[in-house]
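After this come two complexes, each holding chain A, first together with chain B and then together with chain C.
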Partner chain A sequence: MTAHSRRLRTDRRQQVLLGAAAGLYAAVGLGVLLMLLVSSGPLLLRVGVWQALLGVHWNPLAGQFGLVPFMSGTLLVTALAILLALPLAMALAVVGARVLRGTGPSLMTRGLTVLAAVPSVIYGWWGLTTVVPVVRRWSGGPGFSLASAGIVLALMILPTLAVLFQDALTRVPPTWQEGSLALGATDDQTLVRLIWPAARANLFRAMLVAVARALGETMAVQMVIGGQTIWQLNLLRPGATLTTQILTDLAVFPPGTAGYRALAVMALLLMAGMYMLVRISERWERTP
Partner chain B sequence: MSQPPAIRVADLSVWYGAQRALTGITLDVPAGQVLALIGASGCGKSTVLRALNRMIDRVPNVRWQGSAMVGDTDVLGPAVDVVALRRRVGMVFQQPNPFPFSVFDNVAYGPRLHGIKHPARLRKTVEDSLKQAALWDEVRGKLRRPARALSGGQQQRLCIARALAVKPQVLLMDEPTAALDPLSTAKIEELVRELKGRYTMVVVTHNLQQAARISDWTAFLEAGRLIESGQTGTIFTTPRDARTENYITGRYE
Partner chain C sequence: MNRRGLTLHRAALGLAGVTGLVYAAMLASLLRDGWPLLSWRFLLGLPRELEAGGGVAPEILNTFSMVMMAMAVIAPLGLAVAVQRVEYGRDVWWTRELDRWSRVFLSVPGIVVGLVAYRVLVAELGWPVSILTGTVALAVLNWPFVAVSAGDALAGVPESLREGSLALGTTRWQTWLFAVLPEALPSLVNGLGLAAARMIGESAALIFTAGVNVSPHWGLAAPGETLAVHLWYIRTEGLMPDATGQAAATGIVLLGLVIALLWASQRLALWLERRH
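Presenting the complex of A and B:
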């Protein structure tokens, strides 16, 4: 056998192996989706999709499967987290990309990366011992609240968002910045009029990554949100999100029960939300 | 339009940290004329250029001595308003660097910076600048197209239009045709000849024929020192210094 044909055989084997690995991964992903569809199907058929999605009362034992409290909780907590984290992350990114010199930026990126890797239970712990008491003193309520969850989440996504923002800003070519400065622009004008617009697609995609992280976060939120299943919009009162309710009730409802099926619907909702984010992000990639 | 200023560089030395980039450069460019800076890579041509609009400020640990008068202002003086200076002294770079905006927004970038908001005035300024840069006929009706869809030569003329839109008195060009094909180069050279008289210009170039074609004055630099300067015709026909002669006849190593 010649060396060449041996190499061709190795090549073919590698292709089969790698193809199998990719296939396995796709199968697992589809399997999860299938499992959720099978689990949720009977319930959705019985009570109807809109009934389930738009109901405001969650009491599976009494046959009430309204998901509005959790969708509302997820949206409020995510929105609050993004709202708080966005300006802070941009400030950090501007400092890292435009103010610090020498080894400063890389040191900052390293620090932020370490913070981004801190396990969420530790952020939750901090929320429990610091944020909840502050909110309690401030609002007079229990302290466990949508606001506490939003604040903890904001701090959690801040490092990721700042690193991605910083990356987006430093990707703007220096020759463009020189062009702007040579026209008599100040550094601030260059940032606002050239760098932000030039980086806007990357900035937007960084924000979508942060939104996805916030939507999916469970542990840190569960530790401070209070787990209230009655729908209300006061940020200073307890609430629940799709993910925290799955965590809470998975231990309560055995497979096959109606409650279990309702949790599968929540999981499907989350996946649909993530899918939408991915699609939006792709659209922005194509139009710079 | 007001008369462009003369440029007088006197005994200019520049250091980047401990490294000396220029030593005692003295140069004159009469009002409205073109000076070509020639010399090997790293000889300090770009540093002279970037001193004139203070882009050297962006280099960490830069220091300088001497003066550079643009009209009545010493642009290297401590009290100089760098932002105002850069409006008077425009710059065109080696690589065409249009912003990722439309043709219109590129040219309007400078005027908008300086507070012009009125749509009709902006439009007029953009049109005038594009006409001056000999680009108007090629982009009229396409002002909303992305600038980066233009050809390299058109992009460079767009950058010239962008510089002209803030109504400078001086134009600095740092190897403006180094990235362009011969046809686009010819257009830029023609443009330089047309702009002569309205702007005082300093052009860095590696192309000696180009220097001979477009400039009134030529200065030859070597290792941060001015070897010889004078009228372009004289420098290219009867250089006084042997090093200049070697360089322009290609015997330079």
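Presenting the complex of A and C:
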């Protein structure tokens, strides 16, 4: 047997091993999805999909599985966090991409990367000791509120968003920017009329990444949101999100109970949200 | 409007400065509350449920052991998936679907993995809420992250390197192992560092799989509260009189670990890049 045919045999063996790893990978992912379906199926079949999704009362012990309070909480908190984080992240990105010179931009990226890796419980701790008391003094309410959750979440997703924004802005070819400046446009005009439109697709996809992080965040939100399950839309009052409700109720409803099945429906909704975000992001992949 | 047209840039600089101050204030309050409690007794002592002066030694040990065990499993497995997809991958419907779901699972909330692991491992297989169960949850949660970041690292290597190697008559495994992998190593190391940092800070997936208490004796079947879970637990349910300070001190240790890890992995990546 020649050396080359031995190597070819190694190649085939390795391909089998790698294929097995990829197969296991797919099986684990499918397994998670299947378990969510199996766990939530009986409840959805009994109560009905729309009744479960559109009910406004959450009282599993009395057979009420309305998920509207949590869906609305998740959407409100995420929207608030994105609205707060967008202008600040853009400011940081503009500074990193267009104001700083020399080693400045890379230092800033490294700092933001560290902030993005700060564990969420630390943001939650800070929310509890600083944000909640401030909101309490402001509004006179309990302080634990959708607004507090939105503020903490905004600070949490801001570093990720800023790094991705900065990357999107620096990807605009410098020759285009020089051309714009040479034609007499000011720096502001170049930014607004050339760089933002040119980076549009990447900026939008960066925002989707931030939305995904905000939708899925659990700990930091749970520590400051108050965990109230009665549906209300006042940002200064307590609420709950899909993730925080799973966290607080998993201890109460062990697997096998109707309550656990309702929590699995919430998990399924979160996965559906993540899937939708990926699909939307794909549509923007090839746009310049 | 400013004549030189820098109004927007100045506003951005101002906003960025304010944002920087907010993060500085956050770090300062963490240090203010936690620094006085940091001592050898805190780092080497056992936690106390009802009185002041507890420590976090078991939590540090649990964090280290769980992250290392999970890493030992998913670093090779994640790299294997990446090599299969990037180096051997075919472009057919099921591989495209696999890539798409990789990206979906990239942002799967930790609590969802916790929910499933709790049912499958604890309720059905009867595993104890323990270090081993938590490690499995950590590995499942972070496998997609390692696979995707390793895939990006491999995809960043120029195609000409592969073509050159294959043109010399090597097989595909020799090509990826000896031509592609050394070139991708720096960004691979960076990705693994980020993955480890993610795991150190993870808590939602661990509360119901590794638990919120510790045992004085380390073991795979012993309860395995980590630093991040400890911080959450004492700040939301802790009964000790110095809970705020304990939480802040735990946060400082946690943050120190994350920063040290990121710094080390970035240095290693830089060193590999220069040596190459």
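Basically, the second predicted complex is superposed on the first by the 288 of 288 C-alpha atoms of A that agree within 3 Å, B and C clash if a C-alpha of one lies under 4 Å from a C-alpha of the other, contacts with A are read in each partner's own complex, and residues count from 1 in each chain.
The criterion applied here is as follows: a contact is a pair of C-beta atoms (placed from the backbone, for glycine too) under 8 Å apart; a residue touches a chain by one contact, two chains touch by 3 or more.
As the structure is a computational prediction, the values presented were derived from the model and not from experiment.
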Does chain B (first) or chain C (second) touch A:120, or do both, or does neither? second
Of chain B and chain C, which one contacts the greater number of residues in chain A? C
Quick one: is A:189 in contact with chain B, with chain C, with both, or with neither? Answer first, second, both or neither. both
May I ask you to decide whether A:180 touches chain B, chain C, both, or neither, giving the answer as first, second, both or neither? first
Between chain B (first) and chain C (second), which, if any, makes contact with A:101: first, second, both or neither? first
Intersection of chain A interface sets (partners chain B, chain C): 185-186, 189
The answer for chain B against chain A in the complex is residues 53, 55, 58, 60, 83-87, 90-91, 93, 95, 97, 99-101, 109-110, 112-114, 159, 162-163, 166
Can you list the chain C residues touching chain A in their complex? 2, 4-9, 11-16, 19, 22-23, 25-26, 29-30, 33, 77, 80-81, 83-85, 88, 98, 100-101, 103-105, 107-116, 118-120, 123-124, 140, 143-144, 147, 169-174, 194, 197-198, 200-204, 207-208, 228-229, 231-232, 235-236, 244, 247-248, 251, 254-255, 258-259, 262, 266
Which stretch or stretches of chain A touch chain B in the complex? 101, 173, 175-176, 178-186, 189, 193-194, 197-198, 288
Can you name the residues of chain A that touch chain C in the complex? 4, 7-8, 10-11, 14-15, 17-19, 21-22, 24-26, 28-29, 31-32, 35-36, 39, 87-88, 90-92, 94-95, 98-99, 110, 113-115, 117-122, 124-126, 128-130, 155, 158, 185-189, 191-192, 209, 212-213, 215-219, 222-223, 243, 246-247, 250-251, 254-256, 260, 263-264, 267, 270-271, 274-275, 277-278, 281-282
